[in-house]
Structures are given as C-alpha cells and as structure tokens.
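The data blocks that follow each hold one structure.
You will see chain A twice below: alongside chain B first, and alongside chain C after that.
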Partner chain A sequence: MKLLDITKEIGTATYGYPFEPYEVPEGFRGKPEYTYDKCIGCAACAIACPPNAINVTYDKNEDKLKWEFDCGRCIFCGRCEEVCPTNAIELSQEYEMAVKFNKNDLLTKGYLNTVKCRICNKPFTTERLVNYTLERMKAAGMDINDQIIQNLHTCPECKKEKAVEKFVKTSRFGGVK
Partner chain B sequence: MALGDRFINKLKEKIKVRDIQRNPYDQITLTVDRNDLPEAVRMLYYDMGGWLVSMVPNDEREMNGHYALYYILSMEGGKMTPEDELPQEEKCWITVKAYIPQDDLHYPSVTRKVPAAVWYEREAYDMLGLIADGLPDTRRLVLPDDWPDGIYPLRKDAMDYRYRPDPYPEEEEPDYKFLEPEGAGVVDVPWGPLHITSDEPGHFRLFVDGETIIDADYRLYYQHRGMEKLAENRMNYDQMGFLAERVCGICGFAHSIACIEAAERAVGIEVPKRAQAIRVMCLEIERLHSHLLNIGLACEVTGNVTAFMHIFRVREYSMELAQLVTGGRKTYGNVMVGGVRRDMTAEESKKALELVDKIEKYTKEVWDAVMEDDNQINRWKGVGILDRQVARDFSPVGPNMRGSGFKRDTRYDHPYDVLKEIDFEVAVEDGCDVLSRETVRYKEVMESLKIIRQCIEIMPGGAIFIKPQTLIKPGAFAIGNDEAPRGENIHWVMHGNAQKVYRWRCRAATYNNWPSLRYQFQGNDISDAALIVCSLDPCYSCTERVTVVDVKTKKAKIVTNKELKQYCRNLNDSPLKK
Partner chain C sequence: MSKKPTVIMPNDIIDANSVEEKLKLLKDIKRSFNVFRVDCGSCNGCEIEIFAAITPMWDPERFGFKLVASPRHADILLCTGPLTRQMYYPLLRAYKATPDPKVVIAVGACGCTGGIFHDSYCVWSGIDSTIPVDVWVPGCPPHPASIVYGLATGLGILDQKLKETVNETDDGFPPIIDKPVLNTILFERDVYMESKRLMGYLFGKKLYQKFITAVKQSKDPFDIIITKTAVLKEIEKEEDSRYAECMTILFNTVYLSFVKTEKTVFPCELIKPGENNG
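Here is the complex of A and B:
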C-alpha cells in the first residue's frame, strides 16, 4: 500500500514533548504575566476582560486594592495586554498551566495601597494611580498646583456633590440667596 | 430598479407588503401580516429560488409592543439544474417579518409549506412561547424535557434568576417522545448521549429492520449554554466576538467573524482592507484544519487508521499555520468590531507561504494514496444519500449540500469585502454520498490554500483597525454571513442601547443539516450510521451508546459506542445478534 510507503519516507512525525520542550512561535498567546511593580490599579484590564478572569476589588481586611487574576477562567485573548497603560500585564509563551490538587494555585494576586478621599475618607483609588496621573500631567507641561492635588484626592462622589453645591450657589435660578 | 424589486413586485401580486426596509443595500426586510407568512415564505422559497437560512423570533415589546418573527431567505436560485440560478447581481437576502401581538401568541406555521422551517419554529416556542398553529412536530427542541412550563428564557422579562423551580424527581422526569414507526420487525436503536465519531452529546434513535435503518429520530441540545441570553445581558460589543468564538470548538472563528460582521453591517462600519484580507485568510486556515480533521475521521470510522494518522500529521501543519498567524492554535481571538487585532509581519507571511506549500504537497500525497484504496472508496460510495429534493426542501448547507450537486457557497453567493476580488472555485460533486462529500472537502482544502496565497498577495499595507465612531443605533439590525467549514453561519444582530446587543441570533451551519439527516439514514446499514453522521461533520457537543429497537418484537437494546464503532470498522460480529 502506498500509505505505508509514505510512512516509511516520513519517519517519526511526533514531537518528544513532554520529554523535550515544544517550541511555540513568537507571538504565541500564552499565560498572561503580571508585573506587580508596574501595576497602577486602574482596573482597565478588569473592564476589558471578556470572561471576568481579572477582578479588581477593595479588600477590607487588608485595607488595600486587590488585583486578582484567575488563570482557570482565562481565554488568552490578550485584551488585558492591549488596554494596560503601563504594560503591567503581558502574554507570555507559557502554556503549561496545570495545577495539582489546589485550584487556588491558579490565582495571581497583587495588593496595592489605596488613597482615601480627603472629604469622606473612603478609599477610592490607589497611590500609584494618583502618582501616575500627576506624572502624566507634568509630562504634558501642566502646572501642578494645590487645587489639582486636592482634586486628585477627592473621590468622584464628593466631586459630584461639590459641583452640585457650587452650581446651586452660583445659579440664578433657585440658588441659595 | 433597485436590488430585489423583482421579487417584491412578484410578492405584491398576491400579498400585501406593509413595509420595505433596506439596511444594508442587499438585505431587504419586508413586513407582512402574520396570516400571510406561510404563503410569502413559500413564494420566495419555491417560486423565486430562495433558501431558508435562519429564523429569528424576537421580543420587541419594549420597542413596539409586539413580538416579531424574521424569516431570513437567501435569494440565489433553486439550483436544481445548472441554469436555475439567479445572476450574480440579483442575489440578495430577503427577510420576511411579521408582528405577533402580545395578547395572542399564535401564528400560522410555515413548516407545512416550507419544511425547512421546522426546527426554527420548535425553537421559537421553547425560547419565546410563540405558538405555530399547524406545526407537525411540536416537541421541545432546545430546552430540557423537565423545564418548567411558562418560562421562556429569551423573553426580556421572563427570567428572574432568583427563581429556581424545584427539579423533578428522577422517576417523574418527563421523557422525550421519540417517533415510533409502525411495522413488524423494526428495532429501535438508541444511540447516545455521546456521538461515536466526534464524542459530543446527542441521543439518536435508529429504527432498524434487520440491519437496515428505516427511520431515525434524534434529540440534541444537551449542551445548550444560553449564549444568546448571556450576550444580551452582560457582554459589550468588544467582548461578544470572543463569546461567539466559543460557540464551536472547531469552527469558532467563523462564528466570531459572522457575529462581528453583523454588528458592523447594521451600522455601516467599513473595516480597512488589510483587516478584511486577514479575516478571510484566518477563515481559510480554519477550513484547512477542520476539513482535514473530518477526512481523517471518515477514514478512522471505517477502520483506516493509517490514513487517519497521516491526515492528522498533515493537519498539524495547519495548526502551526494558525499559531503563526494568530498566536493561538485553535481560538484565534483576533477580531473585533472595527478590524482585526493582530497584524502580520513580512517574516510571518513568508513562513506562512512555506507552510501552505507543505500542506498542499502532503495533502495531495495522502489523498491520492487513500483514493487508490478500493476498500476505502467502497465504504464511502453510495452511503448516506442526500436526495436532491430533500436537500431542496430542508436547505442544508456546506459540503453536505455541495456533495449533492448544489452550488451553494455563501462566499460565492454573497461575497463581501475582499472576497469579491478573490478568485476561487466552488467544489461541487454529484454523487450525493459520503464519497462526494469527502471529495468536496479535499477540493476545498486545495481552494483554501489558493485563497490564502491570494490573500497574502493582495494584502495592502496600512491600518488593521479603525476606531468605530457610530456604534450605537438602537433597533438597527443586519445579517452577518460567512462560510464556515461545515457550511454557512448566519448571525443576526440587533443593536440595543448602552453598548449592548438587543438580540443576537446565532445559527450554526449544522443546525440546518440536522433536519435532513433522518432521510440520509433511511435505507442504509446500521454499520454505516456512524459514518453518515461523521460525513455531516456535525457540530454538537455526543453519547456513549446507541439504542436499537426491534420493530417486530418492540425490544430495545443498548449498543455501546465501542461495539458500534468496532462493527463499523470490521463489518462482522453485529452487536444486534448477540
């Protein structure tokens, strides 16, 4: 039979994996790798992630922002890599992800220090994100004054309230006289 | 005269068309009274050469206080003879739409006039509670048999997820009513819940007389995942493509393209040409590996394991090609509304072309060797005949259809974007049997390689992604189509507000192939049953065993997957005789 001739000609067609490494091409989408030092806790990855593999929550016990990645849910689409402003998360060439017995081994976590609102004292963002914003503003050639720094330390809700207050005070209609 | 006017005028002679809408230009939506539905669909289907590609039941109570049905027809000519085909510039999509008031959920069944609508109308009852009067088969299709009455998941207000009805106790669980053919000596062979060639769930019942199958019935949807509902509830457009890609484990990319295309067409987004070329190329790469998989399985299920191994060796190159171009072996995940996410470098193009050459050479070599083997050909020839009239009635798609001499290929009938510039031939065979279907697949592998080469050649430089400016247009809807390896995939997307879809209807290729399978089984030996299902390249998530029912004695017997597969390979030691 001709097929057997082909077999003879081809010889071994299989790879020696797992006894020898299997080479993946450059640009292979493997396990996302998290660089804690670069992460600013902006949660862009958590919003983009289609299967909710990345979650960013406030951890009450630690009083820190918890960045958590569950590799068991990951679909390796690489959206997180695309949206990350600081390249803190990048897809690697890693494809061996099995864990033994403990599903928690699939989790990657990072805790970030929070900033509390100067008015209501609730944690609302991370120190790194505030610093990152300041740096970007400096790089854009803006003058950093106290007003800006105060603004950066106010949570969105308080900002909203302040804006409403200001509006009510200055407004001609129905304003407080 | 605008595109499609000829059909509309003809339709108007008998039926009152209340509204005509065009968006985009080749997708025409006609609104008719619900009582005119069957006749309107029949006229378009049989008199004017349409094919039923999908039906979308939709809950539009928030928008206009009604439910709506959309029967989508692809106007391309009956194709029963080579002349019976519309000229290329007249081909279009015509959707027949009818409103159903919320206080009277009945509509006349189209199935009586156009049999292809049977599954769609069964599904419309399951999902939205719309009742087709006169539907010959009113059994459940999608939802499990123990699903509580009165809950219709796709209604916008129906699902309160806190509500968890008590499950039925095991002994009270209602059974699915399988067909029961009459006659002496008919044996009922239950086959499932796992399919024996592709290891996916589906329960088949084969009614056999001796060794000959006289009829078949099947229960599928053991793996309904509620994706349409999921997309409506929590996904935005950027995330939906990834969900659509997970509809299928083999031809997933075709789903994500169809889904994204539908969303794009509804609001008229044009993606850059380079992105179009990459999309088309990835679709063809997917076809390569899927077809090689199926040809391999068709050999394996008839016992030709050597050929199977060789074909899988070749298939590995197509996986490597995918890995190179997209970064993933199976899930490519590189498409989003507005273009594609991953560009190709010159280096990658060069390597891809080398792989394409390799695949071409090896596939040809192995296929020629398989075709020299008379034993193999005899197992395929004359088996699982898809009669041409049955095919016309049920609108099957893909190689299943092209193996019966119909030149139906959505890349050819409704080309879009860069596909218009690409030169390829539609593979058609006239044998109607398994051999024809596999030959079509082989030819298509060769055509795919040709298309990949052309894509790399004509791919212009420039952007691969544009930022879509007009994404939300609540109420706008469109059809997205592409030719997946198993046949055309039709996705229908209606935009909602807040960056979410209002309704997403995904119609996978195999959905249209299942209803006609029953006729393909009839008259064949039970030893070929596995092969016939395999030649359909079914896409469903299959059973460990088959039940055989003897019509004479009414005895049911359970045949295991292993036994049946063994029998299919060796053709002796029939498991029925034990």
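Here is the complex of A and C:
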C-alpha cells in the first residue's frame, strides 16, 4: 500500500507521445530546413558536410546547379548552418522524420540557374551568387565599374590565366620589353 | 576489394512479403508485435537510444512493442548500423528465419544510407542494399521519440510527414540585404565575426541579432553617447549575463573602432563592467 501512495504522489512519468504531441528541449538539432529563396548556391554546406548528405552538382541536361539533401544520411551536426552565409539552411526542432515504402521522400532538391564565363563560355557559378556579390559590394560602399563586373563573370581558371599573362608581360623576364 | 556476393532471394519469401501481405499483417498485429533487434555493425549509439525508447519513460508496450530474443519469434526486424561485411550473412540468416510476412525497419543514418560510413571499404552502406526495407528512421542517433514515431508510422497509428520536395523556379534574384546601420555592411560583418568568435555559431547568431537591434534603437547611430545609452538600456533588459557581457565587449571594440576616426578613446565612451547593474 505504501508503494501505491508513492506512485500517487509522483504521478505518471510516461510521455503520452504517439497519442499526444511531444516537445523536444530548446537547442535540439532536428531536420535541417532548406529555404530555397535564400540559397545562393555557394556550395559551402556541401564542402562542410561530413557524411556528404548535401551534394551540389552541375546538372548537364537542365543546365542548372543541383542542390540535393538526403535526410537519411544526415548526422545532424549543424555544420551546414554554421557555414551558410545567408541562413538558407537552419536546423529545426523537427524529429518526426520516418518514411515508409518510399526512400525518395527523404530527399530535398533545389535547382539554380548558372552563369557562363565570358571568356571560355563554360558554366562556373550561379546567377544568384553573382548578383549577391554585386549587391554586397554596393552595400559595402564600393564603386562598381566594368572591370569588377567583368571579373565577376570570369571563371577561376580564366582568371588564373589572365593573371599569369599580366605577370609575364610586366616582369623583366617576359617577352615584352 | 572483393565484390559483394549476390544473394538470390527465394521466390516464396518475395511472394510472401508483398505490400498487401504486410498491410494485412500490420492490421492483424496492431496491438501486439514482437521486435527482434539486429546490430549490423552499429556504433551502439542507436542501441542506447532504442533501450531509452523501451524504458517506462516512453513505454512502447502501450501499443504492443516487445523485444524478443530470437528472430523466429519476431514480426518486425529493427536493423541498425551500416551493414559491415561480417554482418552480411548473419543479417540474411536473421531475415530468412523471421516468419513471413515480416516488416524491416532501418534505424539511424547508418541503417538508412550508410551515414558517415557510406563510402567506407568495409561496409555495404545501408540495410536496403541487401534486404528490402519498409520503414526508414533517420537520426544520428534518432531521438527515442523519433524511434517511437517510426514504429507508430510503420504500424499506421501516425501519418508520414516528410515528402520529397523539388524546387525548380529560379528567378535569379539573391536574398535581400538589410540596410546597413553605419552606411557600410563591413560593420555588420565585423560584429558577426566577433560575436561568432565570442559565443560560437549558435549563440553568436543570437548575440549578433541582439546587438544590431540595440544599435538600431539609437536615434543617431553615429553619435557615441546616444548609442551608448541605447545599448545600455538593452543590456539592462537582458536576462542572460553572457549576452550582456558580450554586448559590452562588442560595443567597446567593434562599434567604437567603426565610429571613431581618431584612436584615443575617452573613458565616458566605454561601457564599464559595473555600469549595467549586473
């Protein structure tokens, strides 16, 4: 009888979970939520992701950048949230992630327009990233001239070649005197 | 590296495990199902969470969950781990020993796709690479609530929430940049970097928001004394002393370096440690 009294005092410890909602504590790292409108396709999250749950690839058929997240491979470390410059990906409190019969339900995808290099005509980055960089430069108080815009639309390889060309021309070992 | 052995599943097992048969089974065992847990090379994180999920705190026996010691007694196989080469045949044996029709649940990131070990040489990356899986429960490790949700989804008590989302309409417009407080976004950038350095990425983001709103409260952000009063007001309101102290540091270092042209800092411009009453 004493035991019954104790249980009466303490009450029910069991959560009513599947029949009642359960709230996880603050700071719980749940499913990463992807905001497509904020994403600029910089691929920082894909580089930071330890298990390669986030993949950023170039889709040849659609000529677009493909951002893909596989929730089944995610280890919920929060690195993507840490590196994202625009807060496009943020860890939510969502823990109800199980799917049945169809594994593709775990996927989140986003397609972004690409920009072609003005010199070699190969796609190298997204339209949003170029526009975002331009906006940031304006907000930082820089003068935007044609040289800067030309640089923004040049791929890293072409930039490298340009720099080498310039160096050869100006150095005293170069052909031009 | 040896090739993965190809196992041809007997036709009678495939026929006995169609979706219709499984749904019929789930209808029959609604309030009493026996679960056999197979550890396919897991790190034991998922095991700990499964054991947490069968404690009285969660009590899955309310809807019939019961762990059994042999696959011959089981209706449901709960598989964890990335499926190492050594566990390949034991898993198949357990699968074949379970009476038909059987439901297979893959628990954890490793069980779903191989997780962090997905490209390792010694694993087959996921339970579904070998045996057909019905329910996937992501998480590394999954919260007990996630496991209970996975079981409840498999049994049809709750509905599935996740759906495949594909975003395709790109207009090329970048996200909107907020109007800078001090004419240049370099101030925001420095405050963000400093607050990340002080409090880490998670709390640093909150600190950044708090500090920028405090500076915005000031009528003239370029006037040091007016801004100081505004920031002090916000610091006094702040309940968490960590944020209060870090806001003081941000004001004394980053803000003053952006507003002042000459380097001498007068004492009246700094926020002193005792000035915020706590």
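One rule holds for everything that comes next: the second predicted complex is superposed on the first by the 164 of 177 C-alpha atoms of A that agree within 3 Å, B and C clash if a C-alpha of one lies under 4 Å from a C-alpha of the other, contacts with A are read in each partner's own complex, and residues count from 1 in each chain.
One rule holds in what follows: a contact is a pair of C-beta atoms (placed from the backbone, for glycine too) under 8 Å apart; a residue touches a chain by one contact, two chains touch by 3 or more.
Worth saying up front: this structure is predicted, and the values here are computed from it rather than measured.
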item: Partner chain in contact with A:I6 - chain B first, chain C second, else both or neither; value: first
item: Chain B versus chain C as contact partner of A:C74, first or second or both or neither; value: second
item: Residue contacts with chain A in the superposition, chain B compared against chain C; value: C
item: Chain B versus chain C as contact partner of A:P50, first or second or both or neither; value: both
item: Which superposed partner A:P25 touches (first chain B, second chain C, both, neither); value: first
item: First (chain B), second (chain C), both or neither touched by A:K38; value: second
item: Partner chain in contact with A:E135 - chain B first, chain C second, else both or neither; value: second
item: Partner chain(s) touched by A:T108 [first = chain B, second = chain C, both, neither]; value: second
item: Common interface positions of chain A, toward chain B and toward chain C; value: 13, 24, 27-28, 50-51, 75-76, 78, 82
item: Touch list for chain B against partner chain A, complex; value: 235, 238-239, 242-243, 246, 306-307, 310, 313, 316, 320, 323-324, 327-328, 331, 333, 341-342, 365-366, 368-370, 372-373
item: Touch list for chain A against partner chain C, complex; value: 13-15, 17-18, 22, 24, 27-28, 31, 34, 36-38, 40, 50-52, 64, 70-76, 78, 81-82, 86-88, 94-113, 127-129, 131-132, 135-136, 139-141
item: Chain A - residues contacting chain B, complex; value: 1-4, 6-7, 10, 13, 24-25, 27-29, 48, 50-51, 75-79, 82, 91
item: Sites on chain C touched by chain A in the complex; value: 19, 56-59, 62-63, 109, 112-116, 118-119, 128, 133-140, 142-143, 145-146, 148-150, 152-154, 157-158, 160-168, 170, 172-175, 177, 180, 183-186, 201-202, 205
